[in-house]
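Below are two complexes that have chain A in common, paired first with chain B and then with chain C.
Take a look at the complex of A and B:
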């Protein structure tokens, strides 16, 4: 098992190398002049003469072949320099570092309701198959399944912000932002709600949570729909297995038959889906972050991509690939923990 | 002296409600099981033998229902009147069950030990470490080598025969008074089959439990059962003690079943088989359920369901013409010996 994990982790740099090389090659299609915009203030850029441009292109090595430039970029990565982000107006490494805690915060809070409630609903539907509860949960799922997130997010915003005024968009209120940026506010974890608690500022904690509920609600409903359908069908399959009958024949109480004997077996396909969801959450959810106007990785990448901010795109790709690879490794380990028939190696 | 039966099944009717109609899987079955004996239930697939056993355990699928008026009396209590909670205390404790496929009847994600211990802990007031000791003891008893090691293994690490032994260990861990074995050896190799049946006989002697042995294998019945119930189309066709049944069967179906066994004492070109197929349980023929395949059947058989005739002491046959069957057998035997 340890050998397997080490082997997988050793593969990580190799995969990152491949992925970044592909993305890097794509960005080069833009041509030297567009690429230059990553290095020059746009206000100055328009006023440059062709001669100046050529000079700058030469200065930043944009006239050099792809390989040379790629290795230059890689070299920078090793020294913690991911280039300059035009959209964030700061170094890419810095920009990502600042946004990760916000994405992480949303991910951590959303994970619990998404996975916990999703699986619980799926099990409840399977156990009460074709009864009222099952139909109700399935209708609930179909609604979630058929609504796109940008529609549902707007509906949430409309009801809970415009009408009720409970959960505003954004990351925090401006009064809170002032306090957070003041020197008295200590940043222990960089995760807003946790730092607020550690600073003893319940008001800021509540403010952070208020801004999180809308996005969490949006993400949850859409992903519940998916997760509960997988859980339901997996549970139904397992409940028909003979070992479930064996458990009943032993005199095992029905709740243990369901939650011990059946559920552990039913979780195996669910882990795949839930794992992918967690990876998705950690990568930041573009639409939800844009609709609720939150700081985060998803929005950052989306903006970078639309504004040809290729250094930021490459930096984000590096981040996503790492999350994806480590996330999948954790899913594999979970598989082995759930099913003794699976051997890692 | 009349012994008191451990289990009495009276007029058991189990119907399944499907989209295509009502399947009368078991339709008025009566039999008794006495303490310490082995009752064999034999029949083809779809004869209702497995449904009978699941009805006794009350473990039917949700679309199955035991019809009002059926009685399953175990130690004087009608199991059908017990609450689910009371029934749960009987399952695994007083009545245990082993299934056909040891490959799929054990939970793949728990160790053998965990699964045996669960049964012990449910029904006996012992600590976890005691339960573990008992589980190892049971594994030893069913002939699993290195039980201290095997107890922590998962089902997929054991061979089919070992798994069935583990199943038996689990079923017998609470010393049940009745063991229902539903095709316990069908999925196993012939040599392993003999070992498992031998093991069951030994443990039966030691524990004094009664066994309901459900099988389609007449050979297994001949060697292991004391009394036999022959089922067809959800009904009992014939019941007798095993010696009498094999020598003096009084039902055409039993005769057909036994005739289809290979014999060493006479020359046979090919094995006999009962003509026709098992009727669709959604559309049983009117009258005797066997009439479509019976050489003795006439108009009466196609109209009325024959009652169970007592043809001898404790020997019943559901055939209007059981005497004709007897005569035909005598003729055949005379022909063979001539």
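Take a look at the complex of A and C:
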């Protein structure tokens, strides 16, 4: 097991190397002039002579071969320098650092209702197999699975903002933003709602939560559907096992059979899905952050990608891929730890 | 084979959600095939010399029927309403063709690509396998939406670029599946016999191995189709896919964003701009998911 983990950890930088190399090579399709727009305002281009343009391209090393430029970039990464983001108007590393807490906050809060409700519905469906409740939950799941997040997000905005006025888009109200940016407001964790509580500002806490509910509702839907499906089928499998029959034959009350005997073992595949979900929630906030106009990694990446801010794109890809790889490793380890039948090698 | 097929089909159509899925799919196929009859590609504003409405050069470019860009509520002439001077009904109908085009092209191309990579890795094994699988790992380590987003922008936006990007980042699951299946089939007697007879590797793979591993791949392809259409629409929604005015559900929804807050005093005034394209997309994806689910139950009872 330890050998396996070490091998996977050794592979991590190799895969990250490959990932960034792929993205880096793709950006080369753009040609030096397009790449220059990361350094120079493209509106100035027209006023420049071809000679000046060539000079600029040479100045930023855009005429050098792919490998030279890639290793220059990698070298920067090792020194914590990810380049300059045009869209954020700040260094990429700084931009990412500032935005992670917002995305983390959204993903963390979304996990609570998703895991709680998803598992509960899945168990309920399995226990009531082929009854009305089961059919109802399964329809809910398959519709949820088919509902694109941007369509659902638009509907949530329409209902809860336009009609009811409960959950506005954005990250926080402007009055709250003024307080948060003032020197009295201490930033302990950089997660807005927690910082608000630690500062004793309940009004800001509520404001932050109000802005979170819409996005949480939007991303929850898909993962509810996913989680409850896995829970249901895993639970059904366990309920058919002999030891469950034995427990029932012994006269163990049905409630205990389900909650004490069956559910525990049914949770093994669910844990791995929950793990995949954490990755999915962290990297799946792109659309939601764009629709609800929230500060965060997702919207930053979307802006960077659509405006060809390639230093920011490379930085974001590095960030997301690291999460993905480490997340998958943790899932595999958890899986082996929970199910002694599985051997890693 | 015949009785087996019959039994499979019977099993397939005993499941109510499978029937719903196939019915929905049949409906969308009909809409796509008869799109020119349901929503004729003409522009009534510009009659030709005989007084007949002008035919559109490209039916996928929705004709501009009014110069007011604000949404117009559903009426007799425009049952789904209008947005940006264009008929939403027309866009939804022709958007069905766009959705099929995106889904089928991306799924078949990426599946084919995955089959080739997976077969080579699984059949030859050794260092070829090792290299190909590590490349697969690398491609799998970039979140799909992010990768597609970046590559589409680099290639220069547009629906064709969206499809290319999704194919380049969409083959890995198939490759892994095929490889795993081939590793299993490879040691079977009939493959060893074929090898002993001196039959060429390519023939063995295509004639003997692939037919034995193809069903799970087809099921997987069906199940992927719905989510691929969602991703393509998400890219259009972010402004990377089809341009405004193209008959594509995603870009229609993108344009809707400006009107999401309704008009003063009437919050839901523009509900139809989200409802119809959104509903078309949900039902389309639902159809493929139900069909994929049903096929999986039939061909792979273990996965239930």
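As a convention for this text, the second predicted complex is superposed on the first by the 322 of 345 C-alpha atoms of A that agree within 3 Å, B and C clash if a C-alpha of one lies under 4 Å from a C-alpha of the other, contacts with A are read in each partner's own complex, and residues count from 1 in each chain.
Everything that follows uses one rule, which is that a residue touches a chain if its C-beta (ideal position, glycine included) is under 8 Å from a C-beta of that chain, and two chains touch if they have at least 3 such contacts.
For clarity, every value in this text was computed on a predicted model and none was experimentally measured.
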Touched partner set for A:184, first chain B, second chain C, both or neither: neither
Partner chain(s) touched by A:253 [first = chain B, second = chain C, both, neither]: first
Which superposed partner A:18 touches (first chain B, second chain C, both, neither): second
First (chain B), second (chain C), both or neither touched by A:51: neither
More chain A residues in contact - chain B or chain C: C
Touched partner set for A:233, first chain B, second chain C, both or neither: second
Intersection of chain A interface sets (partners chain B, chain C): none
Interfacial residue positions of chain A with respect to chain B in the complex: 129, 241-243, 245-254, 261, 264-265, 338-341
Contacting residues of chain A [partner chain C, same complex]: 11, 14-16, 18-19, 22-23, 26-27, 29-30, 138-139, 142-143, 145-151, 154-155, 157-158, 161-163, 233, 283-284, 286-287, 290-291, 301-302, 305-306, 308, 313, 316-317, 320-321, 324-325
Complex interface listing, chain C residues touching chain A: 17, 134-135, 137-139, 141-143, 145-147, 149-151, 153-155, 226, 230, 233-234, 237-240, 253, 256-257, 260-262, 267-268, 271, 274, 278, 281-282, 285-286, 289-290, 293, 304
Complex contacts: residues of chain B adjacent to chain A: 57, 59, 62, 84, 88-93, 96-97, 99, 101, 104-111, 118-119, 122-123, 154, 156, 167, 170
